[in-house]
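First the structure, then my questions, so here it is.
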């Protein structure tokens, strides 16, 4: 992984998916498997953090506009 | 977007609609999606402000111009 | 519009007609539409004022001339 | 119109007639029309006044040698 | 055994297995048998250590990552 | 007997067993029998010593590895 | 007697047919004198044409006499053209006059025709030479005799119709030899006066001779040269003079000339009024049109309901905005879902089970290893102990336990012969339970074991 250019959410997701698939195949040596699992957990957390960040951003944008929040609540009720 | 020539209401609406369409397609990367959402909200607010401005203008025109209304009423009686 | 040479009544009417036609076509950008509406109101008022002025002029001329006033009443009855 | 030489009755009538015809054609700009109307009414008044200004003109006799005398028409016996 | 490239866990386990099989066959000279035993015990210790390390890694992943667990719990509730 | 290359445990045992067989035949002169017996006793001792040594080695290996035992106990409990 | 009788009518009919078909007496010119002239109230003229010897009844119907330029009278000599026919009720033949010209003054006629032709050739009658008679003249010169009906008719008509016009009479002689000169002079004088708009010249009715002055070339010339338009009115309707041809306008009578010269003031007033009405109406129409047009425009949908345009846009924006929020949320949810699924798959791949399994296998291997080694050791132990026990059984010491012993000399040789043990040499006696160190005291050869020989220290 190149530290200069951080992965996008989708790239992280893809990596995660790749790891999961390899692990599911089951022929991964144990030590590699645990590394992959760790890496997977890291990626999963990253993705999760990003999603949470994005969700927060969205909520902020929406709450900046009082009118709009109301609208949203209405929409979901 | 060129800052010198601000978009018209219709252009803003079109941009906004374009963003929504892309979002609807669903294959937008997350980071791009949030940018699009933010951009979309900005555009939406712009459109909203313009509409309000226009509404205000219209109200002014109509109230400041009581004479025309009267004239019209006369014509119609 | 050139401020130096004010429009004639007919030019104003023609402008007004043009504006109404465009507005009725309905595909006028919002900002333009409101400008057109304002302009239209202005033109409408101008035309109305001119007509009133002319009518007043006519009435003055006619009232100076007793003969025709009688005739006018006859015409309208 | 030349103010120095007042129009003859015929000229006035002709002008009047011309104005009437133009106005009746109906494609006269409003401002021009009211001017024409005013002018027409003025002419009409002039013509009317001229006709109404009955000065009993004595019939003259111009003799062969240039002497002028009044002439009394023999009443029909 | 090449010291430069340490055996993987799986290779060590395989070696261990080989030793056990030979021993179980029973025709191993005593001195060789004890050497094999010593070797086997060394391998076993190595494998054991590795497993412990892996287990520790695993535990670390889960504990250091309380958030993810939480996230998962939330998701699944 | 070559003193340089000491017999293996198995060779010693084999020698011992040979002596015993010969002795069992019973046609060995006493003196020879005594020698053989003495040789047998020597071999027997040697073997015994080796076994003891090996046993000790094993015990040592096993006692070095208290941890493993613990781990295994945990696993199986 | 079987005669065929004709009726009078039949007879008259036959005679009429005969006459009508006789070419020598149809459409002929006759020179005669008029007598017994009568003009019927309905316009037909009845008279007798005669000469020294004969006379013939004649009639000139109104249709034909309408264009006569003179009024026939008794004793007048005339030239007539016409047909002979029978007037059946009286059985009388008559001359039906179609055209009549005065005879005797036939010379005048010739002169008239000649001058007319000449002036016509000279372009005196040309339409393009005619001057426009002003519709509303201010000043009118009347050139006629100051006496008689004509001047009176003209002036009263002018005054009645258009009292605003200034009327000036230029009295002239209208008949007699001096008349032409007088008339021509007056025309020139009127022109020279420079204050007239139009000239009326003429006279009342009279005989051809009486009207003749107006057929003179000097008069024609003066009329033609006149700068002022001239209305000519000579005699009656039927009288046409050269002056009439040359004049800019011809009136059948003096009264008519006055009527042509000036408009009727009442008509003019009506005219003015009418223009005023039309002017006003046109202006009103124009105004109403523009008012309607403006009102139509201001009432137009786009103008009356500008808010709807705005509302439309508001709605559009709401829709798009809502879609933006919805789709963004949906996209986010989708990503979350994807992540959740992946995460669950990952979690399910947690290697703990595998570690456990490996650990179990490892412990089994370890057990096997230990077991293998210890079993071998046990086995070897067993094997060894078997040999040891066998060895033990076979031990030669058992023989010695029965009382045998082994004697070794100082060379540690088993002593089988006495000479192997010299006296005083030391011997080692191996017993079953130990060794004895002895010294040979003596030798006793030759004796068997039965003799005894063992010497104890």
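By written order: A, B, C, D, E, F and G. Residues from 1 in each chain.
As a convention for this text, a contact is a pair of C-beta atoms (placed from the backbone, for glycine too) under 8 Å apart; a residue touches a chain by one contact, two chains touch by 3 or more.
Computed from a predicted structure; not experimentally measured.
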item	value
Most distant chain from chain A, judged by the mean position of its C-alpha atoms	D
Interface residue identity across copies chain C, chain D - same or different by half	different
Pair with more cross-chain C-beta pairs in contact, given A-G and E-F	A-G
Relative to chain G, chain with the most remote C-alpha centre	F
Rounded Å distance between chain E and chain G, as computed from the means of their C-alpha atoms	95
Rounded Å distance between chain B and chain G, as computed from the means of their C-alpha atoms	35
Chain B and chain D, separation of their C-alpha mean positions in angstrom	68
Cα-centroid distance, chain A relative to chain E, in whole angstrom	33
Residues of chain D whose C-beta touches two or more other chains	30, 33-34, 37, 41, 44
Residues of chain G touching at least two other chains	273, 276, 280, 283, 287, 290, 298, 306, 310, 313, 321, 328, 332, 335, 343, 350-351, 355, 358-359, 366, 370, 373, 377, 380
Touch relationships between chains, expressed as pairs	A-B, A-E, A-G, B-C, B-G, C-D, C-G, D-G, E-F, E-G, F-G
For the chain E and chain G complex, residues of the former touching the latter	9, 13, 16-17, 19-20, 23-24, 26, 28, 30, 33-34, 36-37, 40-41, 44, 47-48, 51, 54-55, 58, 68, 71-72, 75
Contact footprint of chain E on chain G as seen in their complex	340, 343-344, 347, 350-352, 355, 358-359, 361-362, 365-366, 368-370, 372-373, 375-377, 379-380
Chain A residues within the chain E interface of the complex	29-31, 34, 37-38, 41, 44-45, 48
Residue ranges of chain F touching chain E (in the complex, touch as defined)	8-10, 50-51, 54, 57-58, 61-62, 65, 67-68, 71
Interfacial residue positions of chain G with respect to chain F in the complex	356, 359-360, 363, 366, 370, 373-374, 377, 380-381, 383-384, 387-388, 390-391, 394-397, 399, 406, 414
